[in-house]
Every structure is written in structure tokens, then in C-alpha cells.
Amino acid sequence: MLLKSTRNEFIKIAAKPRSYLGLVAVTILVGVILFALKADGMSFISFVTASFEQTLSFEGNILNGNLVAFIVLQMLVIHIPLLVALVTGDLVSGEAAMGTIRMLATKPISRTQLLLSKFLAGGVYTLLIVVWLGLMAVVVGKLLFGSGDLMVLNSDGLVILQEADINWRYIGGFAVAFLAMLTVSSLSITLSCFSENSIGPIVTTMAIITLFIIIGTLDVSIFDSIRPFLFTTHMAAWRSFFEDPLPKDDIIRSVVILLAHNVVLVLVALYTFNKKDITS
Amino acid sequence: MSDKMIEVRNLAKSFGSFEAVKDVSFTVNRGDVFGFLGPNGAGKSTTIRCILSLIAPDKGEIFLFGKSMAGHRAEILKKVGSIIEKPDFYKYLSAERNLEIFARISGVHSSKKEIRAMLDFVGLAGRERDKVSGFSHGMKQRLGIAQTLLHNPDLIILDEPTTGLDPQGIIDIRNLILRLQSEQNKTVLLSSHQLSEIEIIANRMVIINQGRSVIEGEVAQLLNAEELIVNIEVDQPDKALSAITLNFPDVRVHEVDGSRIQIITDKSRIPELTVTLTNQHIGIYAIESKRKLEDYFIKIVSN
Amino acid sequence: MRILLLKIMLICAMPLNMLAQDASPAIDGLLAKMNSVQDYSVQALITSDIPMVKILPSNATIYFKQKDKFKIDSKGIAILPKQGFTDIAKMLEDKESYTAMMMGTETIGSTKADIVSIFPISDTSDLVLAKLWIDTARDVVMKSQITTRSSGTVSIVYSYGNQVKWGLPDKMIFTVDVKKFKIPKGVATDINKTRTPDPNKPASKTGEVKIELSNYKVNLGIKDQVFSKK
């Protein structure tokens, strides 16, 4: 029954125009960034390498598809959560607003299965967005700019990763990025269980993300103890795959914290949804 | 197999400080068309939602098919079809797609052919591919009925199914319910404000008021138990009126309309009244006595 | 002005017999050897040890054609010092722009090298001072130390093998100034980074780039298109 309900959720997501908004937005945003880099990407790189170029010269195809994909990912890290929440935040509250939740809840499917099917469908939609972003950034980027070594600027300096050593990093990076976006999806679905209108959970999700990012970036000691446990702190964990040596402990810690967030959010949602009186 | 399809015992539910249902009890037997009546705010919808596990009651017990929802929910709901208030659908999906979605989680596999046959049955033939956003209220009601029947349930719960329908639509729903009961032995719990409809099709009913059950029983018995409205059609209405007024001072004359005199009296007085009119050589064309549900209902809830 | 004063001080500090030694023969010999190479291509293995830069050894092909055509072809990203390949030849060719003086000798390994200091004549020249350790027996540079306003000081140590007859090294070790390296804020977007640099670790002031050269192809002819291709 869980799989049947999940299939229903896919049908509903695919039929809603807003589901395509995310894909179109990613296409346009990435397209704009690629166009800008194609037009004047070297200026951007020069800005980054300016202080090194007094003594050193960088040879080779620096502005290649791998670097372009990296730049795209960095720029879009704040935008993708909104595109995900736009769809997943509506999965429960949208049904309540429409009245269909009471039709569903009187069927011989448990509320747990009903809600889990929404989490599954939301997760698949999130995966689709992340994969589409990857295809646009990496594949289209490489088609336009060619391939080559990747030059990454971290707070402790430049790291140049060899071309043959990059693909697995992107795969790992995208996997962690997906886990981060899945947390956003889980958060918005959980908030959706508390609301009977579509817009509330979406706005609240973005507000929480913004607040947590602010807490994370404020250099104030009072937040030091909570900062490592905020999921937004780990939303950029995908970048760890582009460090040398690979900070395995950091990556594992981020994965565990993100997974824990997902588990807690799902449990809270299940408890709320099962106890909820459906009066709409 | 239990003959008691629905058993509600001492149901109570509050929303904050508001007691929506205080003490409701009734039983629906197999094959009943059961009228569930009450004024607005009496607790009908809350009771129905408790039966269907949309709301968790604070007190009381509910059994469907002799079983409690706890532990048997899926098994029970496979045999129940329902419309609660107005039927809501996915506006951005077609009628066919909507039915497909609900059928899939109702535990049945309904082919496109079966779905189209059902749409045809409820009068929506040719509209299967149309989006529900373009449907009128009446069409959505019909689609709601289709959704209710698609998985061939034994128990059907209908909350105000004729609301918003035109007279023909009301007749169609009435006939459908009667057919479901007589031909397929389905049990129907019907909540409606159309008292005339309940009077025609329900065999048993319960009336609730202010969250409590007031009276439950066979419709015919309840209506005939007390004073009746009697319509007498005579050839000499003035003479008949004088005879009634003179000989039966306890009988109330309600209305005189041409040759028809409507009186309110106890059932036991009718034979005597008939003899009196005959003895006075007043020709009686027809005597019809019944208790109107509407009057009964108003009397019950106002007490 | 400062350069002039420096020259005067150095001249005053030199022993009299040194003043008598002209650096021209050493430079002429060096130039003659450099000019004997019309063109070459060579495979380079570049290994960098530069603070704030992490890069694995990379391969490149270096092309040169007289007078000053130079290109590095790298499949991946290679980091090379800005100076050191053709700068010495360019610098020495323009004899009107500098004064060369013999500053003594030094033994590097088992080779005796003459130390020649190059002083630019113009006060506005990018070159501040160049020092060359020249093996006059083979007319090759063993070591160089070039200070410019733009790049600071770059020191290069040369090793020679089979191609010594052309004056082409098989190994060059560059030591570069790195104190001007900075990370532009706002571009390094590792947000919420919890790691900070170790404050007790002393910041290195120099970095090293080692280039191993092999498979030289000298004076075989290289088309000009090679230098114009992207």
C-alpha cells in the first residue's frame, strides 16, 4: 500500500505546474551563470588568483567544466532549498487546504503509510532537482568549457585537483548535497503537517534556513555550542569532497547529523499526523 | 458476520472547551438505510468523522462490522465508502485520474474500463478526461458517489449527499440508494437536511441534538407513535367541518383547502371520526394520516 | 637613486683585483651558448611546494623559439614561476640597459662558478638586481637570483645533463617569495567552517617549484602556429 500511495504522490507532483518551476528555474539560473562565465569567466578567476599571479603563472585550461560546475554549485546552494520547499511544503498542507486529506484518510491506508509515501515522493523530487542541477552544471559545463583540473579556493589556500581525481568527488559531493536538500524536504513536509495552507510551511522553512545560516555565520561565542548541530552548517558539506586530503571525519560527521535531522523530522511528522484531528 | 454494521456507544468529543459531542449512541444494522438527523451544530459531522477515524473521540466506543478500528482499520475501511460534507478532488487532475488515485489506495485494482463504467453509472459518461476544476457542484457530487462505490463497499456513509443537486439529481441519488439497499443489500448511513428524502428512503433513524442522542428507532414507528396529521377529502367540507368541531373539540383543525380538511389528532380518534362523518351523510373521498418527519423533528429538537 | 648608491657602495667594497675583472667574457660566452639554440621542445614534470597552494606533480610541454617565443602546453593546471625561463637571455641581450660586475667565485657542488651581478641602469626598470653564478668552463648558469619590483626575489638552481652542450638544464629548482599571497575574502565560500589555521604554525615566506626536464628536441624546427594556438 505504501508503494501504491507513493505512486499516487508521483502522479500528483507531476501534474502540478509548480513542480516544473524548480526544474525550469535551475535550467535558467545555471544557463545564466554559464553564459556569464563564457563571456567573462577569466576575470572572475583573475580576481581569485590575483595575489598569486604576482609571482606565479597558472597554465592550462583553468576555466573548464569542472570549475564552472563548482562555481554553479556554490552560487545555487541558497536557491535550491526554496525550489525544493516550494513542492514538498505543499504535500500535506495542500491536501488539507483542498480537502482531499479527509478523502485519503478514510481509505484503508494507515496515516503512517500515507505520510511516509509523501516523504518518499518528496525525496525523489529532491533527488530529481539535485540530479538536474548536476547534469546542467557538470555535463553542460563540460560541453561548453571542456574538462580539466579543478582549482578550488578554500580559506586556507588554493587546491588543484587533477581531472582524473574529480568525478568521484562530484559524485560524493552531490550525494551529500542531496542529503542536505533532503533535510530541507523533510523539514518542509513536517511543517506541512502543522498547517492547513500551502504557503505557511514554505515560508517557515525558508525562514528557519535563513535564521540558522545567520546563527552559523555570526562569530559570537554564545552560538558555538549549537552551531555544529545546525543542519545548515552541514549544507555546504559537499565542498569537503574538494579538499585535499579528504576530511573523512568531517564528512562522516556531516552525514550523521543530516541523517539524524531527517530521522527526527520524520518521527515528529508521523507523531503529529497520526494524532491530528482531520477537521478540514 | 455481525448484523450490527455500526455501533456507537456513549461517544463524546470536545475541541478545546467546546463539547461538540457529549453522549451519542446508536446502532446501524445490516441492510438499513439509516437516517442520521440533527440540527446544525448538533454534532453529526463530528460523529461521522469519529466513525471514520478522522477524529479521535475523547470517550465512548465505536464498532464497525463488530470490530474496533484499533487494529482493524485497514480491514474495516476496505468495506466502507464515504462522502463527508462536500466531496473534494484534485482539481488539476481529470475525473478518471482522481478515481484511479482513490481506487489505488482503497485496496482494489480498477481498470480504466471499470472506472469509465462507474462514471457512466453516475451520469458522467464522456467526462472522464476533463479536469475536475471545470466540474459543477452537482458533477462533483456524482464523482463523489462514484468514488464511494468504486471498491464495492458493504457500508456506505453519506453526509449530505444531495446538497446542491437539482431535483432530478436528488431523485437520482434517492433511487440509487434504494437500489443499493434492495439489490445489493448495502447498508447506508445517511445524514441529510432533506427530511423528506429521509422520510422516503430511511427505514431507521436517530435524531441528535446538542451533542446527544435524543431518539432512535424505526422511522415508521416513530412517526406513527404520536399525534398524526390527517387529510380528509369530503364532498361537503363545510358540513364536515361543523361536525368535527362540534363532536371532536380535542381535534385541531389545521387547514381547510377546498374539499380537503387537514386536522391534527391522535391515531385512536380516526375510526370514530370516520363513523361520525358517515352518519351525517358526508361523503368521504379519502382519509390519509401520517406524521410528517419535519414536524416530528422540530418537536423533538425543540423539546 | 637607491640603486646608484648601492652600486657605489658595492664598488667601494670590492677588492681592487676584482674591479679589474670584466664580466663581459662570461656573459658573452653565456649568450653565445643561449643563441646557439634556435628552438627546442621539452617534457617537464612540475612539482610545487608552495604555501597556500596544494597541487600534485603535473606534466607539461615547453616550447621555445628564438627570439622570444615561449609556450607551456599543459593538459592539466600547472603552476610555474612567472620568471626564470627566458628572462635571463632577454635581460642579458640588452647590454645597454645594465652594468655587469664580477663579484667573485663560488663552488657549487664540484663546479667553480663566477658570480656576476647585474645592475639595471634605469631607475624605473622592473629589475632591481640580478645575480648569476656562471660556470664559464661550460658557459651555463648554475644558479640565479633575480629581484624585481613586481615579483620579489626568485632564486633558481640549475642542474645539467646531456643537453649541457646547448646550455639547457635537466632540472630547475625555483624558490619564490610568497609573503604577498592572500585569500580574497568572500570568494572562499566554505561557510560555517569550524577549522581555523594553527596560529602557532610559522607562516612560510618562500615556496619552491621543481621542474624536471626530459626528452629535449633541439633545433628541429617548430612552427610559429604552435605559439599562437590556445
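Lettered A, B and C in written order, each chain numbered from 1.
Operating definition for what follows: a contact is a pair of C-beta atoms (placed from the backbone, for glycine too) under 8 Å apart; a residue touches a chain by one contact, two chains touch by 3 or more.
Computed from a predicted model, the values in this text were never measured in an experiment.
Farthest from chain B in terms of Cα centroid separation is C.
Measuring from the average of all protein CA coordinates, the nearest chain centre is that of A. Taking each chain's centre as the mean of its C-alpha atoms, chain A lies 48 Å from chain C. Here the spacing of chain A and chain B, counted between their Cα centres, is 53 Å. Remark: chain B and chain C have CA centroids separated by 100 Å (rounded to whole angstrom). Multi-chain contact residues, meaning those touching two or more other chains, do not occur anywhere in chain B. Against chain B, in their complex, chain A makes its touches with residues 1, 4-5, 7-8, 11-12, 15-17, 98-100, 102-110, 114, 275, 277-279.
By the touch criterion stated above, chain B contacts chain A in their complex at residues 15, 49, 52-56, 73-78, 80, 82, 84, 86-93, 97, 101-102, 104-107, 147.
The part of chain A that touches chain C in the complex is made up of residues 47-48, 50-62, 74, 148-149, 151, 153-160, 162-163, 213, 216-217, 227-228, 232-233, 236, 239, 244.
For chain C in complex with chain A, the residues that touch the partner chain are 50-56, 58, 60, 72, 74-82, 150-152, 154, 176-178, 180-184, 187-195, 197.
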